[in-house]
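What follows is a pair of complexes built around subunit A, which joins subunit B in one and subunit C in the other.
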Partner chain A sequence: MFETDFIATFTPELLVLGAALLIFLLDVVGVRRLEAFGAVAVSGISLAFLAVVADLGFAPLAVLRTIPAGSVDLPLSASLTAVTSLGLVFQAIFLVSAFLVALASLSRPSGERGAAVFFGLVLMATLGMLLAAVANDLIFLLLSVEVTGIATYLLVGYTRKDARSLEAAMKFYIVGALSSTLSFFGASLLFGAYGGTGFLVLARQTAALGYPALALAGYALLIAGLGFKLTLVPFHAWAVDVYDGAPDDVSAFLAGGSKKIGIFAFFLVFVGPVLAAPALGRWCSLSRCSTLQLPATVELALGIIAILTMTVGNVLALMQPEMKRLLAYSSISQAGYMLIGVVVGTSAALTGTTLQVVAHVFMKAGAFLVVAAVVGLGVGPRVDDWKGLGRRRPYLMLAFALMLLSLAGVPLTVGFVSKFVLFSSAVQAEGWFVWLAVAGLLNSALSVFYYVRVLKSVYLDAPAPSAAADARLDRPIGVGRTAAIAIAVIAIVALGIDPQPILGGIQSATTHFLQIGA
Partner chain B sequence: MTELSVASLLFLSATLLAIGLFGILTRRNFILLLIAVEIGMNAAILNFVYFAGFSGTSHGLSGQAIAVVLVGLAATEVAVGLAIVLALNRQRGSINIGDATTLKL
Partner chain C sequence: MAVSFVLVGLLGDRLKKLEHGGWVAVGFAGAAMVVAVLVVAAEMLHPSHYSDQSFTWLQLPGSPGAFPNGFSLVIGVLVDPISALMLLVVTVVGFLVMLYSIGYMHADRGLPRYYAELSLFLTAMTGLVVSDNLLEFFLFWELVGVCSYFLIGFYYEKPSAASAAKEAFLVTRVGDVLFLLGIFIYFTIDATAGGGLGWAASGFKFVNGSTPFLAGAMGGSSTLQTVAGLMMLAGAAGKSAQFPLHTWLPDAMEGPTTVSALIHAATMVAAGVYLLVVASLFLGFTPDDRLAIVAVGGFTTFFAATMAVVHPDIKRVIAYSTISQLGYMVLAVGAGFAMVGMYHLFTHAFFKALLFLAAGSVIHAVGTQDLFKMGGLRRPMRVTAAAFAIGALSLSGIPPFAGFFSKDDVLSSVYTAAQSHPAYWPFLILAYATVFLTAYYIFRAFFLAFSGDKTRDPTLPHPHEAPWVMRLPLYILSGLAIVAGVFPFVPSFASLLSIGANGNVPPVFGTTDLILSALSVGLGAAGILLAQALWGNGRVYVLAPESALQPVRTILLNRYYMKAGYDELGLRLVYGGSRIADFFERYVIDGTIRGIERLAARLSGTLRQGQTGLVSDYASYVVAGVVGLLILLLFVAPFVLASVGGP
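Here is the complex of A and B:
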């Protein structure tokens, strides 16, 4: 079992783990410079990203690939892990979000105590996300989610002298503990109903036994448990307080990175091999697959949750005077859009959701990083405090404006592309799925109001007299943070103008993903 | 020894889960809340152990292995929880989560 080939499959995970251990080791031997830890973290993440891209078969890097092309997207096996191309795509997404956050965190105060812990925990959380992306067993998946969870509880409370940070950590912990209890109890019921937790066992037994009451109860608990992770309504209330109270860079990581683990878990449990199982005997056409077999009640429940999530998130964002809380609510509504792909379950819909996740990493992590930079300049947390910043910091605010326009889904940004693919896939699927697209479109229109409110404050309103004289506003925001924001903006615009470079890869990945159970 | 039925065992673990969830939702003292988290987690662990007993040998072993891993996970989770309790107590001299109201609208 433990041949070098097998270990080589985990190159990205081992690189990230190695970087984390190196950081803790450097801390023990007395290194105190934040830049040193940050450099190890950034280079570890970059190397892991290169390994993942090579494994995806990106031509110039193909020599570096550590997983033979033949061992990706294999039919289900009994092993704990399986490499799928969609999993690799998500690994790349997770690594990009960790990269942006680690890069921006290089601009944290240089003498900060505990910098090793900060970067080490970011890497450990990333490790959990990478492992979840190769899970082939429900328990393995939930344990990986827990690895990320435990690392992020500590990250949220990282500035432990700050009452807000600690309170956010406490709330995050309580919600996380509740969510893992529900998820594991759900998994135990599935174990009882089907006699195993591997996706292969679940798939075979679902084909043989259908859905006994025990299994349906298990799936319901899993929706609740994973719904907490993905901030779905009615399990969303924690997100606003946590994103608000967490250190700004950590908010970017939570919204841009670790939350996405939830959507991949939904893919694995509700779209992928498991519920495609009844089709083991009679496989369907490529365009319309697995969710035909999803029990109608589960499908309907997820559809209602999706619509509720986007609507509640947007309506609450409309009334929100504080910048970070506004972004948090908008993040909740984006989770609702992402769930559309899970409900519709076609290859096109999964492509749309994956694109939406890619877009969200750049838009939301980028927006939180801009907030971190602006708060670092001494600007207050309210939208009104940002008045007139458009003239004072034109480039920074241009970046922020592009991120908000992309969140609203304006053409020529990646946010438009992802929403277009997602909503049109729901329309193509016909039936009541069309209503998902209608709800999504109405919500996008609604969301424009609060993004425009922010832009009006930034660009049209005159700054407060006290701010005009404030010299702190002209301070530089740091090289790392500038670079991270610039990368996010370039990605948003470049992928918005021409999504082809990633679109093709994601399409083939989702098509393969749906065929794995066949 | 009389045989226990699946239903009665499931009833036991469902009760434990309900006690745990109720505790998580209503307890204001963080330590008691951690205990509630443990109770809820143990409900899931218990499920794995006796479902393992009811099913065949190969799956049975995996169920017991999962139970052991989950015991470790629950301990890790509580360790992190206690770290948060310590920091909270040091900062505001109270571990009552009702006192934590800085983050409100």
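Here is the complex of A and C:
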């Protein structure tokens, strides 16, 4: 059963797992240097990324490889995993976010305790994300999500001494456990309705049986369970406390990385189902896919949730005085934008959402990394504490400003491109989807307000006298962190100026994703 | 080459902001001018050459309903004879005005702001000129509008300047909105053409290779196209201050005189004409469009000139003259001779900038803009007086000055068009009448300012000639105002002007043309003589209070009450609107924001209440969400969808 194919198929996953195990091993044998753990993590992630990119580069095929569950020759329907080019795109996205966080964390205080735990857990969480991206079975997907979940619960509380972090970890864990339960319960209802949990089985049975009430109930529970990951309203409440309470780099990982697992899970469950059998005929035309696959009721529910999520996130961010909480609310509203692609379900819409995910990795992870750097300089957590930093740390604040402008969707940043593609796809799809674009545009306008509020504080307000005299503000922020922030900024601007290279790749990946089984 | 030019523009802007003095700005503007001269030289060597370098910024697939071939957003540089000419105008005048500013603005505060804004304007204006597609054009179009707003309001402490800036912004905005509407109509034409045009897929470009993208393809007769063309006219009217959107330009004279010379005489206001030229050649006008354009241009020409006749403010006289001359250009474009309009734009830029800079020199010397306080300035300011005279002669269309050639071309092209379009005749007559008025009002200003022995208001400072940085641009522009008329007789330059449908410009030869020329020169000379008789040698001609002409003067001074009317209308609308807005703000927005604030405060209060309560709260949100979803999916949604006929 363990053939060389198996190894080849899971190269990225195995590299990440290997790096994680190596870190724990080093810890056991008495290595205490943070740099050593960090180097292992960064190189493991980099190698895995190269493996993914190599796969993507070789063949833009819909289904690249599959791994049978039991015997070698089972049909796709019984296979637990399937590697699709869109899945590979998401693996690349996950690895980039993990890379940025690991790179920045190289600049954490050298003697910090728990460094091995930190890097090891980041890698374990990444492993779960990578596995979710190749899932071909609902249970496999939920288990992968759970792997990431457990690793991230621990990550939030790994410092152990900080009461706030522990509190955040506790909240995260309790709400997360509830959500997992709901997800698995939903999966069991789907099993009851359709007699299987493979996405192909679900697709085939749906074609035969339609959507019985049992299945709809299952989907409702899955929306709740997966919506927790993606911080959809009203399953979002944990996110603000957790992002706020978690160590800063962990917040960057949660917002920039692990949350994205939710969007791909939504793709698989609500847009997929991956690998619909050829016998079922051409389900998805290129322009319009979801009417057949996604019952209109679920579509409507998701649309309402999308609008609710972006609005609630933005409205709560408007008056938020604390920087990390403000970014957390902004992150919630971005999840609402991302859901638009799931609802609309066309190739263009999936492209827009994927692009939004890419953008969000750089903008939001980058912004949290800047916050981590600034808090490391001894600046307080409130927006008001950042007054006058624009003059004190011009380059760092320029990076931050670019990230915020990108979040607001200003042209020549990647945030504009992704929103443009996403909203225009909703307009093109016609019908009531247009209202999603309208809501998105109104929300974007609203969000400009609080981003500009931050920029005003940073650039126009005079610093408090105590801060002006504070020499700590001039300390360097470390090579790793500088490099991570620089990469994020370069990506934001470069992709904002010329998005065509990745746009083309994502377009073909989403097109193939929708054609699978056609 | 063109790419490097844009780079210079963009980089220049950055650098200029760093530098306090204006010399950096002058240097970059000079470099831009050199590049522009090279571009023009290259165009002259290769007649009718189109060089389009573009970069596809975004490319999106379409859907069968809208944009069947998908659409792209493109950023590109198109160098063709028209943009090369316009580039030359913008950079030459830009460079000279920058240079002049060193002397003129010397004593002002906020110089970095001034030079940065002026540089940004030049960047935007050159970007507009070389845009290769309609969307990019519109982007830069808006940007020059913003720069104009900033620069009119440069003396923002002065309430009149601030309000003039606002007025300019609002009035041109009317045109801009209609222009945008026109762009959307063109989109619609393309999207409903069954994918045949492929315009959207190309990125809304003006030319496809070297043939116009839309002009031929649309057929040129549909109602939709007529409406789109009228929207282009509206956009141009806003920018080029044509009737009825002309009111902002005289008030824009609140800005520094240098700004008036560059933006509100030579370049930005000409952008409207440029739009019409581009639209005429590449997008295509229907006959109805042309008649509307001729009507607007012809009427504005005369209408604005009448107001210039009585005005006491030297800058506003020239501003009305600008509106009037822009009317000539619009007239020529409407008559079907787009390149004649372009040619008048070219000469006008030089002699009008010259007039403004000479006027600036006068204002710099005596510190007032009131013509009736000046007088006798000829002797202490010989260079300025000579420069103003050259500009005035050129404006009046006296040979051999540049204005004679271009204005004569405009008149004879309208005459040619009127042969086959009788409806054009009234506007041709108005245009001829304007020749007389033009010569009269500009020489009235000249005699009031320069003739006589001494200033009429003894409190004015002793006049002095301007420093060399201000004199040098006057010399150069004087030279251009004299020789620019001869340019079209150089074959390779003439080839720049010979694109488009009526390519055989300039039509200055032949017997009919000679008679027409004699008529226009005669009218011009008559205007000058009348001005000399009434105002020469320091005389001031005072209209008797009981004269029958007195009411006419009052109407003219009050600008036909149009501004007052707009103000009244605006006041009613704005006041009424603002009461609603006030109510809205006080109760709805404030209420909402306070509500949000309170909500946020309460929420964060709740969130901080303690751990156990907190998590169970979150859990209960989740449970409530699940219950809500179940109800929605199983009961509400099927019912709703069934009632609207869904699956």
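Assume the second predicted complex is superposed on the first by the 483 of 518 C-alpha atoms of A that agree within 3 Å, B and C clash if a C-alpha of one lies under 4 Å from a C-alpha of the other, contacts with A are read in each partner's own complex, and residues count from 1 in each chain.
As a working rule, contacts are C-beta pairs under 8 Å (C-beta built on N, C-alpha and C of every residue); 3 or more make two chains touch, one makes a residue touch a chain.
Remember, predicted model here, so these are calculated numbers, not experimental data.
Asker: Where does A:498 make contact in the superposed view: on subunit B (first), on subunit C (second), on both, or on neither?
Answerer: Second partner only.
Asker: Would you check which partner chain A:157 touches, where first means subunit B only, second means subunit C only, and both and neither mean what they say?
Answerer: first
Asker: Quick one: classify A:178 as touching subunit B (first), subunit C (second), both or neither.
Answerer: A:178 sits against subunit B and subunit C alike.
Asker: Between subunit B (first) and subunit C (second), which, if any, makes contact with A:366: first, second, both or neither?
Answerer: neither
Asker: Figure out whether A:192 sits in contact with subunit B (first) or subunit C (second), or with both, or with neither.
Answerer: first
Asker: Please indicate which partner A:303 is in contact with in the superposed arrangement: first for subunit B, second for subunit C, both, or neither.
Answerer: After superposing on A, A:303 lies clear of both subunit B and subunit C.
Asker: May I ask you to decide whether A:463 touches subunit B, subunit C, both, or neither, giving the answer as first, second, both or neither?
Answerer: Touch status of A:463: no partner.
Asker: Figure out whether A:440 sits in contact with subunit B (first) or subunit C (second), or with both, or with neither.
Answerer: Neither partner.
Asker: Mind working out whether A:38 is in touch with subunit B, subunit C, both or neither, as first, second, both or neither?
Answerer: neither
Asker: Need the overlap of the two footprints on subunit A, from subunit B and from subunit C, as residue ranges.
Answerer: 167, 170-171, 174, 178, 241
Asker: Any idea which subunit C residues touch subunit A in the complex?
Answerer: For subunit C paired with subunit A, touching residues are 55-66, 593, 596-597, 600-601, 603, 607, 611, 614-615, 617-619, 621-626, 628-630, 632-634, 637-638, 640-641, 646-647.
Asker: Write out the stretch or stretches of subunit A touching subunit B in their complex.
Answerer: So the residues of subunit A in touch with subunit B come to 139, 143, 146, 150, 153-154, 157, 160-161, 163-164, 166-171, 173-174, 177-178, 180-181, 184-185, 187-189, 191-192, 195-197, 201, 241, 244-245, 325.
Asker: Within their complex, state which residues of subunit B touch subunit A.
Answerer: 6, 10, 13, 17, 20-21, 24, 30, 33, 37, 40-41, 43-45, 47-48, 51, 54-56, 59, 62-63, 66, 69-70, 73, 76-77, 80-81, 83-84, 87-88, 91-92, 97, 100, 102-103, 105
Asker: Inside the complex, what are the residues of subunit A that reach subunit C?
Answerer: Touch list, subunit A to subunit C: 167, 170-171, 174-175, 178-179, 182, 213, 216-217, 219-221, 223-224, 227-228, 234-235, 237-238, 240-241, 287, 291, 295-298, 300-301, 304, 315-316, 318-320, 346-348, 417, 420-421, 424, 428-430, 497-500, 503, 507.
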